[in-house]
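Take a look at the structures listed below.
Shared chain: subunit A. Partners: subunit B in the first complex, subunit C in the second.
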Partner chain A sequence: MGAEKTLISLKNISFTYNKGLPTECAALFNVDIDINSGEIISIIGHTGSGKSTLVQLLNSQLTPCSGEITWFIDGIYDQRGAAVRRRVCASVGIVFQYPEDQIFEETVYDDIAFGPRQLGKTPEETEKLVFKISELMGLDKEILYKPPFELSGGTLRKVAIAGVLAMEPCVLVLDEPMAGLDPESCDSFARLLQGLRSSLDLSIVMVSHNLEYAAALSDKIYCMASGRIVLSGTPKEVFGDIKKLDEYQIGALPSAIIAAELSAAGLKFAQTPLTAEELAAEILKNYGK
Partner chain B sequence: MVNEIILGQYMPSGSFIHKTSPKLKILCLFLFTFSIFLIKDSYLYFYFLAVSIFVLKLAKLKISYLLRGLKPLIFIFVLTFILNAMFSEGEKILWEWGFIKITAEGLIYSFRFFMKVTLLVIYATLLTLTTSPVELSDGIEDCLAPLKFVKFPVHEFSLMMTIALRFIPTLLAEIDKIKRAQEARGANFSEGSFIARAKNFVPILIPLFIISFKRADELAVAMESRCYMGGEGRTRFRRKKDGLSDYLLFAASLAVIYPALVNYLSHL
Partner chain C sequence: MPLIGLMKVMIDFKKVYFRYSNDEGSPYALCDIDLSVGRGELAVVVGANGSGKSTMARLLNCLLIPSAGKVFIDGLDTSDEANLWSIRKKVGFVFQNPENQIVGTIVENDAAFAPENLGLPEDEIERRVSYALEAVGLLGRREFMTAHLSGGQKQRLAIAGVLAMKPDILVLDEPTAMLDARGRESIIKLILKIKNELKITVVLITHFMENALVGDKLICLEKGSVRFAGPAHVFFMKGREYISKFNLKQPFGYELINRLNESGFSFCESDYMQAADPEILSDIIFRAVKNGR
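Right after this comes the complex of A and B.
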């Protein structure tokens, strides 16, 4: 990670769906988030807490009703200082839930190349990009020329993410990337994300229900409930605050719960353990081992 | 956004119009349609307009719901009105310019046409506002029941209709979702020539087709695993016998269309 530089800053954002109609529905209230370069950020919270709305604000598919979003990314604003939606879309790549549903080309290669072609890249540039991205995503070269619908679900998801990465975004936003994957695919996927961050110098924003992966991968976690950010900080800070997590029914990490119970019984913990291994190490320290 | 209110979308309010048997409501719609075409004197159009607003009030719905249903049709209404006014024959010429003549008869004719179409849309919207899609297809099944004697697959037909109606909002939501996803990877739906724009819909249509086929497959499996065997000997979950209030409503609508019948017969 280089020097921390803010890429997207959201200040006091509120958003309401169908404003002025009987079906009006407020989704976000006074949200403040900064997304820095090279960071992995997780947003956790219940269904309907406003996570997906927040994600769509990041690439300007939705415009906030009040508050301000600023992108500190080159070439996003036109001469008049207005953000150009297409440019924002290209620099903030969003992978929606079940992204394999958006695949439509005849071969995997063409599907990954869709983004670069839309951006007006030459065939040579496109080819280079597709090969680079598919190698990073761990896709075999022979897969590239197959029709996508012959592939397994996990591979398809990689193809779909490669399609977004081929736009060369500087922020990658993933909405529930692990939904519907088996545990092994989840593990390899988590490693993949970390690899992408270092090799492409990406910032990653991940919306997740899976607290273990959020804890293991993120630099910063934001917890959302009913459209508000109720808790934020490093994984250790967030998961150490079991009371607040419980209050908003976000759910806590088993290791953190055990640590809280044990420290109530007199054991000493230097930090909140996020994994079973960390928990074991902390307990052993108490017995001088 | 696609999730705007669709023409005549069901609006539950719990009124007795909502609870009336859908079969009789469909029959009432037929009666009203029929009598709107019978009318000879223009003032009766206002009578039917007043009746429709009265029914709307009985159904505890706002006039704005009805107007919202009419909004997308304004263009067609205005166009037909203008065309009818300009090109119909008549004696009393009010204004003339080249081959365009506006006559008094033409104006009256186009007004009548305009009222007919508006009233038809209003009454059809009243039916769909007060009847849920499932009830509607039950009602259609009941109305088509006599066709069973000529081996028409009434049940399958109404099932098809129910499924089609049920999936309109789902598909709209799906289109919205795919559109966002493709925009996120650089697709552009709002710029370019007509052909370029049409081409841009391929990335939406293909995933939509695939998802629809998948969904159809899943639906078929779900229905089969609940032992769906087609219409033969199938009973209904909602069994409601027509009661006194249903017949009263039907009788009331017969009374309402009486002036139209009288008007028609007196001009014979």
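Right after this comes the complex of A and C.
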């Protein structure tokens, strides 16, 4: 972990919508986050806690009202040292909720190729990229020439994400990527994200209401409430703090709740279990054989 | 009128087949569906993406008509065009994303949309709006702008808009997919209240296995066929491997008990049935461990 390099650093960021107008609305207060290369980060917190505002700052769709955001990515700054928004947008790819709604081209191929073409890639470069990304995403070559509307929901989502990956971002931001997928598709999607991280050396930032996947996938979790980061750490650190999670109405993992109840009753737990499997193993260890 | 036990049948599928294209050889989205839901029952439908859940829901209010077989809503045949409007008044729909369903800028105007379009007199519209907003707990926010509601509140407003039509059947297609844990819980509580207090028949489609436990009946679809219809605990007790065949998972408590049983514990059916509540489950496990399993 020592070799990891910071890609985006947010220092003391505050953001207010419609600042100075009667409708002004403060959304973020003093947020500090570092996004390192190859990391999977989850941002959790209930609706309205500032997650989406934060995500839009990452690729400069919004500019902070105070504080500093720095991108350590080649070619993002011009000669005067100002961040070039176009380059930020290409380097930090955002996949919104229900990305399949953003598909508009006539074939899957054209949809994936849209981004690279806009970035001025040659047809040969574009084709190479489209093939590489669709293979990574597990999309069959034959579906590339089909109209997107013939595909199932899960496959469409992969196509939409392939379209963002084709811009070769170094940070991929996903807003609720699992919403509407069945449990098995969620699992395979989680495996896919882990695969992308290692094969593309991609950093992934995930905004999610699904605590189980946040726990299973993330290196680090940030919990937000009322525009502030109220808790952060590894999944085990965060989900071990049931009191705080409850205080900020973020919700706890059932495995952690049961482990806490059982340890209050006298059982010993070496660590906070994140899944039913881990919890069962801990219970057996206590009273083993 | 057919009965299930002493309950009146509200939804009745008789050998239903459906396919989106009538071309020879095109696949069936639904295949030989036979099932019924009684008045006041809460039926939960689960299954993989593309297993036919939403197709089945769309057959309930004549958005789709069976290719073969019949669907009866409160005894009315959905394939008879003369029944179309009475069926649509009986069956209310709530979809995944409330944003697509909210038309008003002010909460009470949105809830009034359906009764206004039913051409009801003004005092009846007012009664229904109050009734619906009260039911979903938004009466105190009736003059709020809909854009200022949270995701959970928007979903509750979408449900209120449907309740204002006084439907006999409420169909919810993944109503909690976009919500946080707190919003999910509030919608599930509301659904139970609608069933228990308003005596409305509810069909709930969901990917959240924890939510599937609240129903009177669970229906599992796979590739357009019903693979299981019965009590949810019976379904989930069948074990991890069986459940995963349908691209589904056991709810947390079931998986935990299942794993402990595989390692020598002997939890029984009544333990499974209480497994949804972490506190009760902790108790059960603690006692089992203390008494040497």
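Rule of thumb we're sticking to: the second predicted complex is superposed on the first by the 285 of 289 C-alpha atoms of A that agree within 3 Å, B and C clash if a C-alpha of one lies under 4 Å from a C-alpha of the other, contacts with A are read in each partner's own complex, and residues count from 1 in each chain.
The rule is short, and it goes like this: contacts are C-beta pairs under 8 Å (C-beta built on N, C-alpha and C of every residue); 3 or more make two chains touch, one makes a residue touch a chain.
Please read these numbers as outputs of a predicted model, since none were measured by experiment.
Engineer: Decide which partner touches more residues of subunit A, taking subunit B and subunit C as the two options.
Structural biologist: Larger number of subunit A residues touched: C.
Engineer: With both complexes overlaid on chain A, does A:S66 touch subunit B (first), subunit C (second), both or neither?
Structural biologist: Touch status of A:S66: no partner.
Engineer: For A:S199, select first, second, both or neither according to whether it touches subunit B, subunit C, the two together, or no partner.
Structural biologist: A:S199 contacts neither subunit B nor subunit C.
Engineer: If we overlay the two complexes on their shared chain A, which of subunit B and subunit C does A:M167 touch? Say first, second, both or neither.
Structural biologist: A:M167 contacts subunit B only, not subunit C.
Engineer: Quick one: classify A:T47 as touching subunit B (first), subunit C (second), both or neither.
Structural biologist: A:T47 sits against subunit C, while subunit B stays out of touch.
Engineer: For A:Q102, is the partner it touches subunit B (first), subunit C (second), both, or none of the two (neither)?
Structural biologist: first
Engineer: Go through the superposed model and pick first if A:L262 touches only subunit B, second if only subunit C, both, or neither.
Structural biologist: second
Engineer: Go through the superposed model and pick first if A:F114 touches only subunit B, second if only subunit C, both, or neither.
Structural biologist: So A:F114 only meets subunit B here.
Engineer: I'd like to know which partner A:E184 touches here: subunit B for first, subunit C for second, both or neither.
Structural biologist: A:E184: touches subunit C, not subunit B.
Engineer: Across the two complexes, what residues of subunit A are contacted by subunit B and by subunit C?
Structural biologist: none
Engineer: For the complex, which residues does subunit A have touching subunit B?
Structural biologist: The contact residues of subunit A facing subunit B are 18, 21, 23, 56, 59, 61, 86, 89-90, 93-96, 99, 101-104, 114-116, 118-119, 149, 163-164, 166-167.
Engineer: Please name which positions on subunit A make contact with subunit C in the complex.
Structural biologist: 45-48, 97-98, 152-154, 176, 179-185, 209, 211, 249-251, 254-255, 257-258, 261-262, 265, 267, 276-277, 279-280, 283-284, 286-287
Engineer: Residues of subunit B touching subunit A in their complex?
Structural biologist: Within the complex, subunit B touches subunit A at residues 1, 3, 5, 177-178, 180-188, 202-203, 206-207, 210-211.
Engineer: List the residues on subunit C that touch subunit A in their complex, please.
Structural biologist: 47-50, 96-97, 150-152, 174, 177-184, 207, 209, 244, 247-249, 252-253, 255-256, 259-260, 263, 278-279, 281-283, 285-286, 289
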